[in-house]
Amino acid sequence: MTVASTPPNPPGRLARIWDSDIAWSFRSSPVTVVATVLALLLVAAAVAAPLIAPYDPFDPASLDLSDGFSRPMVPNEITGKVFWLGSDSQGRDIFSAILYGSRVSLLVGAASVLFSLVIGVGLGLVAGYVGGRTEALIMRVADVQLSFPAILVALLVFGVARGLIPPAQQEQMTLLVLVVAIGLSNWAQYARTVRGSTLVEKNKVYVDAARLIGLRAWPVMLKHVLPNVAGPVLVIATINLALAVIEEATLSFLGVGMPPTQPSLGTLIRFGQQYLFSGEWWILLFPSLVLVLLALSINLFGDWLRDALNPKLR
Amino acid sequence: MLAYILRSLMQGIVVMLAVAFIAFSMFRFVGDPVVNMLGQEATLQDRAELTERLGLNDPVPLQFARFVADAAQGDFGISYRQGRKVSSLILERLPATVELAVLSAIFAFVTGIALGVYAAIRRDGWIANLVMALSLIGVSLPTFLIGIGLIYIFAVELRWLPSFGRGDTVAVGWWTTGLLTTSGLKSLVMPVLTLGFLQLTLIMRLVRSEMLEVMRADFIRFARARGIPERRIEFRHALRNTLIPVITIAGVQLGGVIAFAIVTETVFQWPGLGALFVNAVQFVDVPVMSAYLLFVAFVFVLTSLLVDLVYVALDPRLRSGNPAMAK
Amino acid sequence: MKARVFGLAAALLGVSLLALSAAEARPLKWAAAGDALTIDPHGQNEGPTTSLNQHIYESLTERDHTGKLLPLLASSWRVLPDDPTTWEFKLVSGVKFHDGSPFTADDVVFSYERAMQPTSDFKGYLTSVEKVSKVDDQTVRIKTKGPNPLLVNNTSSIRIMSKAWAEKNNATKAQDFKNKEENFAVRNANGTGPFILVSREADVKTVMKRNDAYWNKDKVPLEITELTLVPIKQDATRVAALLSGEVDFVQDVPVQDIARLKNQQNLRVNSGAENRTIFFGMDVASADLKGDDVQGKNPFADKKVRQALNMAINRPAIQRVVMRGESVPTGVIMPPFVNGWTKELDSFPAVDNAKAKALLAEAGYPNGFSVTLHCPNDRYVNDEGICQAAVGMFAQIGVKVNLVSQSKSIHFNLIQKNPPETEFYLVGWGVPTYDSDYIFSYMYHSRTGSQGSWNATGFKNAEIDTMIESLSKEVDLPKRDATIARLWTRLKDATIYLPIHNQSLSYAMKTSLDIPVDVGNNPKLKMVSFKGS
Amino acid sequence: MPHEDTAPILSVRDLTVEFVTRRGTLRALDRISFDVARGEVLGVVGESGAGKSVTGSAIIGLIDPPGRIAGGEVRLAGERIDNLPPEAMRKVRGKRIGMIFQDPLTSLNPLYRISEQLIETIRVHTDLDAAQARARAIALLDEVGIPAPEKRIDSYPHEFSGGMRQRVVIALALCAEPEFIIADEPTTALDVSVQAQIIALIKSLCRERGTSVMLVTHDMGVIAETADRVAVMYAGRIAEIGPVRDVVKEPLHPYAKGLMGAIPSLEGETPRLVQIPGSMPRLSAIPQGCAFNPRCSQVYARCHVERPELIAVGSRKVACHLYDTRSKSGVAA
């Protein structure tokens, strides 16, 4: 029998994407749609922070201590200024700080994910292709790395960096150090996935064939391996993005994250946590809420992506 | 099988050495213990003297060799800060962390497996979906926020549970336990929940997806085709196969429990190794820091060995001596 | 009738017995942000360590909560009329150590010698001491290298331990890190103090019980039967512990929580000034700064720049917002309790950004410059907040400051290294001797020998050094005070440091207690008496 | 209508299986009907995707969602089983209908001993105690040709070769003495050398017990040697069904003709080696009328309009308008 839903005209590219299985599974999951929209909104707001934010919280000259501890939506007793989500101990607008803070958090998250992705995919390819001792070594290191808790690895990397970088440059380097610290603690999953896929491809006839006719097998394999691992790697990367954002927050909570003059969400929470009992709830609540929402929406998206790309689970 | 276990052991030793090197080198070059030991009022001459006495002027390889040799004998030196043997400090703090970590792990495992199995079996039920949604929130909540939230609710507002510490402990030999007193048990509740929550959600999600995967396996279909009751299929055939990959990852997660204990112990002022480590970092107490790192590595080696043994117990393919056949 | 009287008497007896037993069990749980580093009485010269140890070990003298010097184990003292370099102390008789052995002059001689050993952290108090000797069981003489009119001020910091006990337990040396063995005195204690050590787990808790045989018990209330010190590092957790009733007394109350704690019916908050000033230090000596954007020049070397920065700091705003009123803005790096303090010195310039900018322009920095500021984040009250606020204020006059805030262990390391690894830093300084000399020799004297070890500014002035050194030898107190005044006038004008404020302290406790704030932040819990009941 | 012993053990009528997807409902089985007599071996052939395995799964009630039986009925010894409640159906499975899967490597739970899996199955369906069940299991292993069964019974699956494992699978399928066995490509995953043994084993065991077999395979050779009757499936429909000798020798349906061309003949005389152009349509794009029409060399107008029903032609039935004697003009029957 014929299925009636076949469109009468050959569909355009967009329409084809819209009609694909993935897009359909996306459309039919309202939670995923909401989460994705939320994640995109948060990301967009973070990226466009300088355009949206009423203040620049990173510019110390713009801060007026007298604005400190303004309640949300209530004019400050001294300066009369109104802050939507209140202000913190430095008179920093919480709303702007959150925008800029999520920008920092996302930047650290995305960059560290990219960092671990490049390392992980590279090492995975090498391990799978070269084999032998190199493979054993890489995979063993990956095992150890996986079992060494990310927070501890990040703390160690951070500590080493602190020791190596001259104090004068530390502030500028903090972001980079965070990226490396978090990135180094998450590469092993990529390596494992890519290695598995490489092993499968390596034994396929075309690799031998390419070798026989004198082609370098590498590029050929890359062309086959990369599309195969793109799905799982994307899933790991998405979930790791949420993880990296949380990790950055935890490091900041432990006091080794972003400097207070360029607060990330985690740094904001660390500040806010001091005011848990003192009544300035907005300093803790709003950044925490945004952090959780950000991580949650990315996680929801990643969760859906994993199921969608794994047809067996559908 | 013996070769298999021996190989794990060898790998463990290599890992320990590598970590020893990291522990040694990073703390050798990060921070200056001399200033912290001598306090604010020390003179320059005092500092030079102490540096010499601690051997901090010796060649680095010599310092490392000395470090490994001492560590192998359980001698991590004297804590700069407390003036006590690091080994006895670690032993003193060990029970608190072990009780916390083991209870959290048990809590995470039991609850995680139960919820994961439930979510897999009733995969379309609303409770299962709710549990899955909550688990995602759990993954998205930083540990320290959970701890702070629990303290606020249960210690400050409701005053049901103590906000910090271990409560009263009972000494059993050199071990101190909080499991035998009411206040000790009450003190455990929030830290265990905080520490176990993330692991719980991870294990639960893992169990669910592994179980769904296993439930599609041919042997499950064959068991169904033989008329084996569904309950039996789920709990006898599917669960055991599910648990094999779960145990690998869960074994790895135990390391995570130890590490997140740093955060949990900090929030709840729990007198364990994590708090000892954080305090040591504060004071650049090198011997304590390196001993802690080695301790974490040791826990890793131990758990992977345990995981290997559990594997052998669970998977007959390994027992017959050909580990290559098990995937 | 007789029977009734007897009955009444029995009832009265019963009531008083009840009262007695109620009085018997009066435990007090005391929470602080940090733990004592050791209970060796000469191991660490550090605030929290002293706070604990003073309850177990006692000194010849003590300071009350206002900083006033009072006799303790010494009933009286004098400088020998014929020898200005020798002090004589008369000891109280009938004092016993916790193990029951009597306290004698031998213990004092032993303890001072122990405190003067290289491994002791208290030798800095006794650098002028040449010899300590026993005259008789109740008399001790301390001979100094030159006349030291203020030696007695230092005696309140040197705690006395039992000679026999230390010798028996091989603890004759103060804490020694080279030693591979633990020092017995690190975990055990035997003093003459009001409390006896029961058990100690570092960073967890230290339990003490009342010394019922305390020699001075008629003069102090000594109502606490069991004293437990629990260090709780996290601010929120510490406050939560008090709110939930798990501890009775919190020594380090975060300023932001004072208001809420004050509003609690069952809690009391006492506030007062601490003997500690918070200030910024700058590298005024180097030819060029590494952390700035100015090539070949050190902006801090120019006094106009330092004055401009000093003028940009809005001290009242820091007091009001960052410290929530829990501080007193100051213009000198010296709390008011210290000998040498005057109101004039304490004055600070009003905020004047226009003038500050003009000064910068005059110095050749019309567009400002950028530097790196190092700040601790776990040492002083809202230290990081102060730095952040200052960064904003400096930015107003065009000085861009990169802030690096880190744990005190790393931070102090930067300051103490030689040469220092920081060019701009926040530090706080308390003056346990209550004399300006302590500040001069640590903060202004050039880094030579045992002097100037906390002077990371590179400030070096031979004339000033000589004046500072003269202080410890000057017997004529008015003359000495004049030197101090001259020194301060010159140093304040030099603007080597940028003073911010004197820190205030708040103690929170259950309403049944009323513990006054101790200027040295070493609360004396033997003075506690329970109200009501 | 009462059923006697001569009635078919399995009777399938208009069985329709649908998969609900977002692109609409796909019909994996479209009104198929056939009977299996007692003691008979029915071969089911067709390309992959033709619906062979779905038929087996539908009969035993193991269609996984989103698939479902959308119509028709399945009767086992006259009793309708397609609408039984799950628990009742479970008791039918293994006890009355056995099933053998394709891959013996994955059909056995790797973590349990053979004995555990056998005894478990026996005890689920009988009242035997553990010792009796074990004795029976050993006897069964002996029957399926496992040497030294009392020793090997406590082995784990990985300790057997593929062929031996399939024997264990057969033992498992037979251990409650079912009346009907569905063998779903039982030899595909095996070495060529053991394929014949396994087929012979299935055949002999079933003959001894009078068990009927539905043998699903895409291997016409196996069918030719083993089956009594054969059903040729195409795109979820039965194209032709009849005695194996007739269908193989002289297939009627154009598709069957093409399929039979693929059988290597032992006699060496291979008159037709017909290559069928094109490939089987996807379930989502089955043409109207006869599903085979795009590939059929003898297609005509009616084939595009009307679906051919199975019609009796001699000893067999065929679904092709070419054999509709009543009308070739496109008038519906």
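The letters A, B, C and D name the chains in turn, as written, and every chain counts its residues from 1.
Just so we're on the same page, a contact is a pair of C-beta atoms (placed from the backbone, for glycine too) under 8 Å apart; a residue touches a chain by one contact, two chains touch by 3 or more.
What you see is a predicted model; the values in this text were computed from it and never measured.
Here B is the chain whose Cα centre lies closest to the centre of all protein Cα atoms.
With respect to chain B, maximal separation of chain centres occurs for D (centres as means of Cα atoms). Per-chain CA centroids place chain A at a distance of 25 Å from chain B. Averaged Cα coordinates give chain A a centre that lies 46 Å from the centre of chain C.
Centre to centre, using the average C-alpha position, chain B and chain D are separated by 53 Å.
Chain B and chain C have Cα centroids lying 39 Å from one another. Residue positions 31, 148, 152, 156, 266, 281 of chain B each touch two or more of the other chains. In chain C, the positions touching at least two other chains are 236, 240, 243, 378, 407, 410.
Residue numbers of chain D whose C-beta contacts span two or more other chains: none are found.
Listed in rising order, the residues of chain C touching chain B in the complex are 37-38, 40, 43-46, 118, 121, 124, 175, 177-183, 186-187, 201-205, 230-234, 236-238, 240-241, 243-246, 378, 407-410, 412-413, 416-418, 442, 447, 449-450, 453-454. Within the complex formed with chain C, the chain A residues making contact are 59-66, 68-69, 89-91, 162, 166-168, 170-172, 255, 259-261, 273-280.
On chain B, the positions that touch chain D within their shared complex are 217-219, 221-230, 232, 236-237, 240-241, 244, 314-317, 320, 325. Contact residues of chain D toward chain B in the complex are 60, 62, 86, 90-95, 98-99, 101, 103, 106-113, 120-121, 124-125, 156, 158-159, 169, 172-173, 175-176.
By the touch rule above, chain B contacts chain A in their complex via residues 11, 14-15, 18, 22, 26-27, 29-31, 133, 136-137, 139-145, 148, 152, 156, 209, 212-213, 216, 251-252, 255-256, 258-260, 262-263, 266, 278, 281, 293, 296-297, 300, 303-304.
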